[in-house]
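Below are two complexes that have subunit A in common, paired first with subunit B and then with subunit C.
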Partner chain A sequence: MSDAAHTPDDGVSSDDEFDPIQVFPESTEMDLRPGADDCYKCSTCDTNCPVAEVDDDFPGPKFQGPEQWRLKRTEDHDIDDSILKCSNCMRCDNACPSEVPLSQMHNTARGAYVDEQMNKLSREYWRNRLLSNYRIMAHLGSKVPRLTNFVMGLGVTRAFNEKVLGITSEREFPDFATETFREWWHNRGGAAASRDRAQAARTSRGIDGDEPKRIAYFHGCYSNYNTPEVGKALVRVYEHFGYEVLVPKQRCSGTPMYANGMLQDAKRAADTNVPELAAAIDEGADIIASCTSCSMSLRQEYPELFDIEDVERVSNNTWEGLEFLRVHEDLESELQGTTADVPELAYHAPCHARNQGLDGQAIEVLSVIDGVDVEDVGDSCSGISGTYGWKEENYDTSMKIGEDMFQHMEGASGETGMTECPTCSMQMEHGTGYEIRHPLEILEVALLEGPEAA
Partner chain B sequence: MAYDTTVLVIGGGSTGCGIARDLAMRGVEVTLLERGNLTHGTTGRMHGLLHSGGRYAVSDQASARECIDENIILRDIAGHCVEMTGGLFVQRPEDPDDYFQQKLSGCKECDIPARVLSGGEAREIEPHLAKDVKRAIEVPDGAVDPFRLCVANAIDAERHGARIETHAEVIDLLRDGDDIYGVTVRHDSGPGKRTHKTPGSTEDITAEYVVNASGAWAGQIGDMADLEVAVRPSKGVMTIMNVRQVDTVINRCRPKGDADIIVPHETTAILGTTDEEVSDPDDYPEAQWEVDMMIDTLSELVPILQDARTIRSFWGVRPLYEPPGTGTEDPTDITRDFFLLDHAERDGVTGMTSIVGGKLTTYRLMAEQIADHVCAQLGHQASCATADEPLPGSENLEALETAMDDFGLRSPVARRSKQRLGSRSQEVLDTNEPNPVICNCESVTRAEIRDAIEQSGSDLNAVRIRTRASMGNCQGGFCTHLIANELVDEYDEPTARAAYDELLQERWKGQRHALWGEQLSQAMLSYALHATTFNADGDTARSGQAIDFAAFDSGQSDSSGGTTGRATTDGGTQRTDQGGDR
Partner chain C sequence: MAITDDVLVIGGGLAGITAALSAAEYDTQVRLISYKQSTLRHASGLIDVLGYTPDGQGPLANPFDTLEELPVGHPYERVGTDAVRDALLFFDAVTDDAYAGGHTDANALVPTSSGAVKPTARYPAGVESGLASDPRDTLLVGFERLPEFNAPLAAAHLEATGVPFDVRGVTLDFPGIRRDDAKVIRYAHILDHDERVDIGRGETVARPVLAALVSDHLDGESRVGFPPVLGDDNHDVVRRDLEERLGVDVFEVPSGPPSLPGLRLEDLLYDALEEAGVRVTTGVEVVDYDSSNGHIDHAVVDRTGQRVPYQADEYVLATGGLVGKGIDSERERVFEPLFDCHVEHAGDRYEWFDGDAFGDHPFARYGVSVDAELRPQKADGTVEFENLRAAGSVLGGYDFAAEKSGSGVSLATGFIAGVRAGEVGQ
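And then the complex of A and B:
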């Protein structure tokens, strides 16, 4: 800052001398007031908010987003604490007919709330920090998976979690796999083995061997530590089509961190993910995720929240696993005449799949397969929304939101569930006791006729 | 028998209300008459700038000095109406360097704190400034809410015994020879607080002294007693943006020109303005090109404005005046100073003084000088205390800031409510009743609406200027009926309807000049809501026309089908006998 004696610079500043983004070193200081211009208050977001529907004290996304931002002045730093009741399902984004950046507003407000108003010594803060950094817990837990699973299942552990940490004892922690996806991938021979398999597949399919077909798999935390079968299915299906799979170094996509207002944790993870994924794109790969919240985060939240080199490029080249194949391969012809011996399925489309326009694809694709009988259980939200439903204070709300889905699942003829989202699958299992599958697993059965030898 | 008062003030703008308060505080019995709502004329149609004096530092240093003095006083006595945003005079590469230097030295000569910022430093304060701005001068400009300021003066005048009459139009000055001894006033709805549908009445009010503080209308008042007051009304357009693109007052640093200021105002930003002389302050053209030109020109300073949403535009009329014989051609060159015209000295007619010219920032000083003059005429010995006595709402604001009570409201609602109410927050918001938010755009709760109704009767525009309810992005689309609903305890249904109609129309008026993009969507949604839920597009219950029920068919009968009549879009059957009136 200058003072009165300061000599002004008379020259016109060049563009690179000052970049306005530097004014806001932290993304939590983003000014989203202009985003309120798009809101004409139709309230469609409020009527689509699953939390507002069951909780009368929750003011809803219109207040949380455009109204609260519009009322803000530079010197105001208090955010209403109701922001913590938002489950980050992002249905409001999808509902809005006018392109209000609702979830960006919510994420940013939540980040500011946690930064400036939440007591960093509180149980709530540390509980949220722990939940949103699931990858670190999972990393440690999966070193000794059987012991961890045993301990986490103990009544005394669950009582401790609830009393001391505020994590509901109603839910059972998901088991850790005895072999993580990355361990499997490594033991299987990594990228070199994948290159060979892809090459073989291309030869047998009669595709020109030099044509680069390459994807980088963003497995996220859950299919690495808890459901490696989903990751394995993705790898096998893509190799079947002749794609060489890369598995770049990666950290959490950030979804649970935004949902808990831990934007700096999310930024640190993004600082690893973006350059790693950008490097894969340089090698000709597209980025494929099997979790719809991971693909959502890379596509939408990264560029909305973080100013990182290549963030737009990563966003523009990220796909969900089934989506990419539908666009780039003739999936329907490929599946014509295939059969899969799987139980009848009750499918729930995750909210984050909905936001990417992917809610209809699983049923459309899988119905072509002989022996697959899959029924959509409707457009309600599962209610768990990642870490939201794990919090003691949100458990009841979460189950109330899930009520519709549970009923529809019971009403469907199948007694096995299917969804793309790991936490939706926890909720589905918790509410019905059904086993839950991922669409890629069904695809694997149809295309590869049983598990391939690893 | 006529009502008699000591001093009668004509005009409920900032000047009139300021005079009424000043005189009342000096113990003079005073009556104020305003033909519309308080602020109805020019006060409610300005950009809300609390001048630092910087704007006049080159062209009119006397005004500049008055501005900085009054600026400091108002921060003190009207803290709840003022936001000290700071201001920048921004120079673009094409703007003259010598003027920038003149501005800087002018500020110093007038004791206006000023410092120079580089383009980069200016953009650190206001990131939306154009990347190529050259440099800026920082001055203590601020934002002032003219409605709140004016109302607070009126409330305090009443507390000191003044009678304030709104919707009371002066239709004649009572003149006996060379003495003016009162006025004839037409009450739109009976004297006292306004209640719609109350029959109007006329009343003669006699006074020892009359003060004509009607601003741009001073000439018309003068005419009533054959006195010439050569006001030169000059119109200017202002456009309200939906959000604050800037939090600092942004002035263009060049000699003069239209469209050179952006004032952050409450939740919005106001763009101003133009300067064009008009013959009749009540009837002048409002052209869309004026709005377009302003947005285009100011986008040179703040590019984001080009695509930003405007919620309405309005025109105000400056009460410019210059002494006879000055003959300035361009209204932008007419002085912004104010003039006290004692008609006894000027025209040989006793009993009345007119005050013309001036600006909101110096309203208190104008009021002080005219009150001094009036007291001298009356031989009343009392000194002015308005520079030291805080206005109602501005007492002990520091104490309010430290008291953390949010009155059970969500934090942004509490924050904005407390800002508007100042030290009256406790008295208004601390209620045992449920206190829902009525106007979501501006965060106005039921308690605040009811407080305003108590002050101003069934007039919802008076509620609006006191609370900001309906002044946000939906322009009343989602709250007009809810505000009207708050009238039910005290007023009957036709009164509430009339009040609802009036507010809805007033909100529509300004939106006519913002009908593109999102505000067009907003207006269409508001129209649809009010037309379909309140029959606001043509309610037979209000128009008194009977419904022609015979024009409706009796629906599809069980035997219909075959060749008689085709299905219509609503599923009924088209009448084949004779057409009813549609």
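And then the complex of A and C:
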């Protein structure tokens, strides 16, 4: 057993009092040494890395985590630039049998690399900054959605993006919705309207009117600007169960920022999100996300990376959309006997959903509904990992990683895809041409549009 | 609402998977929950039953000659010899033609990457033509940038053990690998997809190039052994393709972690779980439980911050041993961290180990003790919980590394724990 604080005590009677010796000074900074020391080099993480499997230039998570951390203890030792090849899928976290916080080490190393070694005038830096601050682009684009969609679809725009910015021209930008989720929410009457609807649902269900049932929806950027139908489905489904929905002020969850080493941008967003969400918790709400990378970020990366008041409380009160209902309502009985007229579905569990123990959930829950036929397309990574697959230099790697998933999707009998993650959904659509749905949309059909609901 | 099933298996290694599969044979809804990835990924992919007796006699020609003589408390003694046979039959049915060795009770002798010979009961089909009992001359091929397998050294060691054939080792450059620390899954991926590679003679594809490189070194041998990197998802295709191109039998030599044969077995078994309708939850830890009157009501799972109840009628504890962290230790005690089942151990920690690194370490046998129904027992011999069974290396009373009995104990106890849980849970 390795025990850094162990004195050579061979031959010493075990009756003697043992006083541990403080070898390393107390540090107020995040200390990754225990994580590095926990690694016994079994390389299980390496066998899970979708990038190392297809990219010869990537040395794998064991190097990027504990080994790189140890090298960095040496003066004048730079962080290897291969850290930018890590896609932040976080599969290594789930793999490690020894509790090494691999993704935390990667995020930290990537942040330090960008801070200390990356040229702030380089195209790469600004391209990454632009991609990781998708919300700002989306915010501007969605002001004039039709024009933006038209311009982004133009060949000349895509050529410009690739040549000048290094954003691949192989992909089509997702369309902006003509009405964002938040616009829809306000037009619909906001929290006051939701309170009335929830009250009506509680009355019709015979639930005691005083019982507080409240959630705060963390919609993230994508279901606000691109797929508001997912957000609407969440609101309607929760109101159906009698929950009053709050939609707090919010910024990006930070996921694309960690993946690009833009930790300061992520911290700024967290400085807005944490107090807003904590205030909702004070009002008796749980935080619900429909995107599994958003819930991952609030749950795991926030407390790992940021020292903000209430960050733990937010982490401990955040749930994924289906997960919360499953634990707090009798979802299975509710869905017994419901019908949904939806096409056969090929389901891909996002890597970040796996890390939250949600991999089997969508199929377990939705299979109860009459008319729903879902097939799991296996445990491979989709390969896009947020902004990763948008970068010109990563496009081929991203598609190679996705090959397994594309093949399994083609092999499944359904020709409609389903997943919780917006960027997995882009990749699924890009690789197969299928339309992609979110599990909450299927739930909405069963509970609110099926014959039972009528 | 708790997430509810009939049987909840905690732990996703060989014992847990076997328990889930055998419980699912009954009319039950089974869930398997696994936190970190199992030690199957460290494992050689070989299924041993018993290679050496607890007092070090062996290698054993036939493990079944010795099973009846094992001491009281050994997991095999708890479940009985018939259970070991039934579990192996069950394994054979699940793995079908991916595994061989079921035709006999006798141990096969499989050469491993260090040039040692391991007595084992079942082995992957891709290992079969390499058996040490087969008298054909052998060429071993290693790769320059893959230090896990030094073919000339392994060949020399094998000859020194007195194998009945001539064996040589050569070291070649693997087509398409340029970096020194490429992962084994990279090698496998190149062969799986027969990727285009550039070896300085214009671009071509990997498998024909590899076959041509090996062919130059063949000198009358009728079989060639490789490190276990011959493909992952398409392993059979890769191996047969190389056999056709070389005109000789091709086999893999099992090696240490990370191990593709272990990984392939894991994939195969998880496919079987899906086929059997077992619900699988991964990546989250069971951290607590609630019980009354010696009956577990529900387990509590930490879902990245949220405590979610998982309820079942029957529970199987298959969380692994000291490596898998199903058994843990502090300075003062050795314990089972989830249900705090009793773990028999010396009070003085200096008696936990032997001074000789390769000596007979008491800690290797630490684990929970169980009754014949595999229910963990308290120090006084009464059961901890009426609806909890334990299987695999969380059990005490055996030293799997010394006995070469790890897989067999996991299969036999997993099988019986699953059957008993299934009978009650249905």
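Definition applied: the second predicted complex is superposed on the first by the 414 of 454 C-alpha atoms of A that agree within 3 Å, B and C clash if a C-alpha of one lies under 4 Å from a C-alpha of the other, contacts with A are read in each partner's own complex, and residues count from 1 in each chain.
Basically, a contact is a pair of C-beta atoms (placed from the backbone, for glycine too) under 8 Å apart; a residue touches a chain by one contact, two chains touch by 3 or more.
Since we're looking at a predicted model, the values are computed, not measured.
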First, second, both or neither for A:Gly357, with subunit B first and subunit C second: second
First (subunit B), second (subunit C), both or neither touched by A:Asp31: first
Which superposed partner A:Asn128 touches (first subunit B, second subunit C, both, neither): neither
Touched partner set for A:Asn161, first subunit B, second subunit C, both or neither: neither
Partner chain in contact with A:Trp319 - subunit B first, subunit C second, else both or neither: second
Which of subunit B and subunit C A:Asp78 touches, first, second, both or neither: first
Which superposed partner A:Asn94 touches (first subunit B, second subunit C, both, neither): second
Which of subunit B and subunit C A:Asp56 touches, first, second, both or neither: second
First (subunit B), second (subunit C), both or neither touched by A:Cys42: both
Contacts on subunit A seen with subunit B and repeated with subunit C across the two complexes: 18, 42, 59, 63
Subunit A to subunit B touching residues, read off their complex: 1-4, 6, 8-10, 12-13, 15, 17-18, 20, 23, 31, 33-34, 36-42, 59, 62-63, 67-74, 76, 78-82, 98
Of subunit C, residues touching subunit A in the complex: 1-3, 33, 36-37, 39, 41-42, 176-179, 181-186, 189, 233, 257-258, 263, 270, 274, 279-284, 301, 303-306, 308-309, 323-325, 331, 348-350
Interfacial residue positions of subunit A with respect to subunit C in the complex: 14, 18, 42-44, 46-49, 52-54, 56-57, 59-60, 63, 94-97, 99, 296, 299-300, 315-319, 323, 326-331, 354-360, 364, 376, 379, 404
In the complex with subunit A, residue positions of subunit B that touch it: 93, 97, 114-121, 123-124, 127-128, 131-132, 134-135, 242-245, 247, 267, 304, 308-309, 410-413, 415-416, 440-443, 472-474, 477-478, 518, 521-522, 525
